[in-house]
Amino acid sequence: MVIEILLTILLIVVVFSVIMLHVAYATYFERKVIGHMQVRMGPMRVGPHGLLQPIADGIKLFFKEDVFPETADKPTFYAAPIICLVAALTSIAVIPFWEGMAISDINIGLLFILAMSSLAGWGVVLAGWASNSKYAFLGGLRASAQIISYEIAMGLSIVGVMMMAGSLNMSEIVKAQAQSPFGIYAIPQVLGFFVFLVAMLAETNRTPFDMPECESELVAGYCTEYAGFRFALFFLGEYVGMIVMASVGTICFLGGWTGPFEVPFFPIIWFMLKVYFLIFFFYWVRATLPRYRYDQIMALGWKVLIPLALGNVILTGIMKTFVWH
Amino acid sequence: MSRNEERIADVSGDALSEVFEVQMGPQHPATHGVLKLNLVLDGETVLSCKPDVGYLHRGIEKLSENLTYSQSMPLTDRLDYMSAIANNTGYCLAVETLLGIEAPLRAKYLRTMICEMSRIASHLLWIATHALDIGAMTVFLYAFRERELILEMFEELCGARLTPSYPRIGGVRQDVTREFMDRLEKFIAEFPSRLEEYETLIDTNRIWLKRTKGIGIIPAEQAIGLGLTGASLRGSGVDYDIRKHRPYDAYPYVDFEVPIGISGDVYDRYRCRMEEFRQSVRIIRQCMEQLPPGPIIADDAPDLVMELKPPRKVMAGSTGPSPLKTALIRLVEDRQAYMEGDVYVSTEVPKGELGFYFVSDGRGMPYRMHIRSPSYIHIGALGVICEGELVADIIANIGSLDVVLGECDR
Amino acid sequence: MIIQYKKKRGWLGTVFLVEILKGMGLTLRRMLSRSVTRQYPEERPEIRIGFRGQHALARDPVTGGSRCVACMRCAVVCPSRCIHIEYKKDEQTGVREVQSYAIEALRCIYCGYCEEVCPVNAVILTEVYEYAAYKRDAFYFDEEQLLKNWDRFIEESRYDPTKYVNPFWRPRGIDERTLAGPRRRSVPDDWKMENQWVGTGMTKSRKTGARCDVGGH
């Protein structure tokens, strides 16, 4: 029993450090990818080709002054970034990286992740409200509306996957997927996959749905008043959120850890490649698309994505009842 | 009732709603310098938008009252620093009219060519920031890639990239070199394909269309009433371009068309400016083909070191013959004739109509210089068109009116 | 000319996000192409002759000092009045001797008027553009510092100090006879007025004659 607990703690520490390393280099990767898409080079100064840039950024943010606005609501102001990061990190616990390798392989894995990503939205709303700044307030309001509506679209888009796999357990989903005719659900669930991709961008507040923090209108939205390490916590939360969403996409639609062939000693490789691809997709979209307006995002969510996802659910139901059975 | 009025009526009828005042700027990433907007919001709807200008006031008009005509010229670089040469040319034309000098033909062609280059440079910065404000940040860097080429050409021509001070009263300072012309030729051959790149990214993009179509509509009559000029006016469908209707420099000798919009929204203003890029390329090409030989500065052009004379009489508010006529009374005693009277000359700079108004008392410095700067007038329109729209639309509107605060505040 | 809109997207284009995919294709293509930025301290920009950078007084190879004759033209023409010259006039000969020559670089707006009006090619804005300092005093260039600036410029550039001609000293495309004696220096061929670049085609709308009636107004 004690050994089991110790092993779990060890696993948590290992996963946590690997994820943090990934987050750090996700920022580097983002700057490089977007830089090259914009015919420039991205970070080049710190280390060869700027490889040490994320570390330098971390050190800088850590040692920056922690500015606290006088009129802010102190406890909430402090709690908000922690909620964001914790909610995002907790989601990692249920993600199976390869066969049987998850910190906690619970049966309601998908629901848990949806719940946690909503909780991250709560952190954003609190941050916007507690800062007592008008820009942050508007950002918080936008965030709450956006996260609630896209939560629905995202949940519905995954329903099709749940129906096909017959389980909410993520490992089960991957296993069911491997036995399905195409090997991945992205093909039979193409509509669901599309809705998921869009909702994924909106959930993590990425362009073209970066309303809560869009810098050209609201300066920095909900994190306008945050500085130093508290800002870094939001930043970490956002990037962990991206990794979680990419992992969910990989598990639900792209076949998780399964691949065209087995890789000995390193079974996580397919999972990682797929997650990297989805993260690259985040950056790619960011480099290409302009930003929606707030009311247009709402319209897109409620008038296009939710009906599409519902249609997908009905279609999957019909197929499941009459064709695949 | 228009859509905007409906929105305002909608929110003001709501007893529970509480208005919300936001001071947007002067330190704000999207207000193009130091523009400040006093917004009254109801949620995201703008109830009123009052621009607050003057944060970049350097007193250029007042400064020039103590500087000779040629000394004030570098100050005009600092008006609209996106297209400094166009300002210089406008200033020089005004002083030339005052002093009764005419630039030689070659100088006129050179000025036209360089002005169109600066129009491209200015519009590139406009498309860059406009797209960045709406969120398409890649266009920003693609546009800067091309702008860099133009600025490098300016550097080769006159030694500075941003503040060239290239034209002189009565001509231009430097002649072009062969290398410069080769580079320019290469640039204009390549530039249209670069324009297509920007258009691939935004022109038909559904998000871009949603953000710009039907936003910030200025009907033609209102646009005239607000005093808009340049592409902001033409986007509303008014055919008014000083290059065409009161041509100066070499514009009468070149063929070009003035793009006119239809609906007067942000998208039409955007399309107009994109079309102007192509027309500028056309003008530059014709100037290069037609560039005549000859001197680049008029024989009777004043020396840079202008001598000062005691003032004869103050002309402001005088009741003499018509102002233009008084402006053209030439003093014949000496070569550096300083006119008495007043003169207004306007040119089409990338932002709109830039006018210089001088009251001269004949001492070699303007008694009063007034600059009719398009940005100042366009910012005035901002408050009118933003009312009833959403916060995000303000940003699109600022971008589409193409204001620069250096010129607005002077 | 009424502006043309691009063709409206059809329902196929809407469903398959054609225009968005095109845009993404472009960014992907650009990602694989070469970047255009310069890695500045290692890769230096090519500064072209006539760039208006740090101020200097040209060192006269004969006397070793500056060529300035204290005519005061630069001090008078300077729009920001940042040039301060003190001189002593010899009562008999009328020759002026420069006592001090100073430029306040922080006031300067780099218009280049001073070098343009200088009759003896003394003051110059060099091509040196890196001269940051920690103190404001460092930007008050006195005569000695200005001469040192010239030495630095000559050292860093490829020019021969005896043959160097700045395009503000001797503007391109100007008739040499209109210039003061010391400014008539030998220049590259395409700076001369006779060799100016002339357009090839004389197209339709050009009227005859060099002067025309549609000038300023």
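Just a few scattered comments:
Which chain is which? They are A, B and C, in the order written, and residues in each are numbered from 1.
Definition applied: a residue touches a chain if its C-beta (ideal position, glycine included) is under 8 Å from a C-beta of that chain, and two chains touch if they have at least 3 such contacts.
What you see is a predicted model, and the numbers here were worked out from it, not measured in a lab.
Comparing per-chain C-alpha centres with the mean over every protein C-alpha atom, the closest match is chain B. Of all chain pairs in this entry, the one linked by the most C-beta contacts is B-C. For the pair chain A and chain B, the distance between C-alpha centroids works out to 45 Å.
Distance from the chain B centre to the chain C centre is 23 Å, each centre being the mean of its Cα atoms. Per-chain CA centroids place chain A at a distance of 52 Å from chain C. Along chain C, residues 20, 23, 26-27, 30, 36 each make contact with two or more other chains.
Of all residues in chain A, those touching 2 or more other chains are 37-40, 287-289, listed in ascending order.
Touching of two or more other chains is recorded for residues 138, 142, 145, 201-202, 205 of chain B. By the touch criterion stated above, chain C contacts chain A in their complex at residues 20, 23-24, 26-28, 30-37, 39. Those residues of chain C whose C-beta lies close enough to touch chain B in the complex are 1-6, 9, 14, 19-20, 22-23, 26-27, 30, 36, 47-48, 50-52, 73, 76-79, 109-113, 116-117, 125, 167-168, 171-175, 190-191, 193, 196-203, 205-207, 210-212, 214-217. Within the complex formed with chain C, the residues of chain B that make contact are 67, 70-75, 77, 93-94, 96-97, 102-106, 108-109, 138, 142, 145, 148, 155-156, 158-160, 163, 165, 173-178, 181, 197, 199-206, 246-248, 252-255, 257-262, 268, 271-272, 275, 286-297, 303-305, 324, 345. Interface residues of chain B, counted against chain A in their complex, comprise 20, 22, 28-30, 43-44, 131-138, 140-142, 145, 201-202, 205, 207-208, 210-211, 390-395. Those residues of chain A that touch chain C in the complex are listed here as 33, 35-41, 44, 284-285, 287-289.
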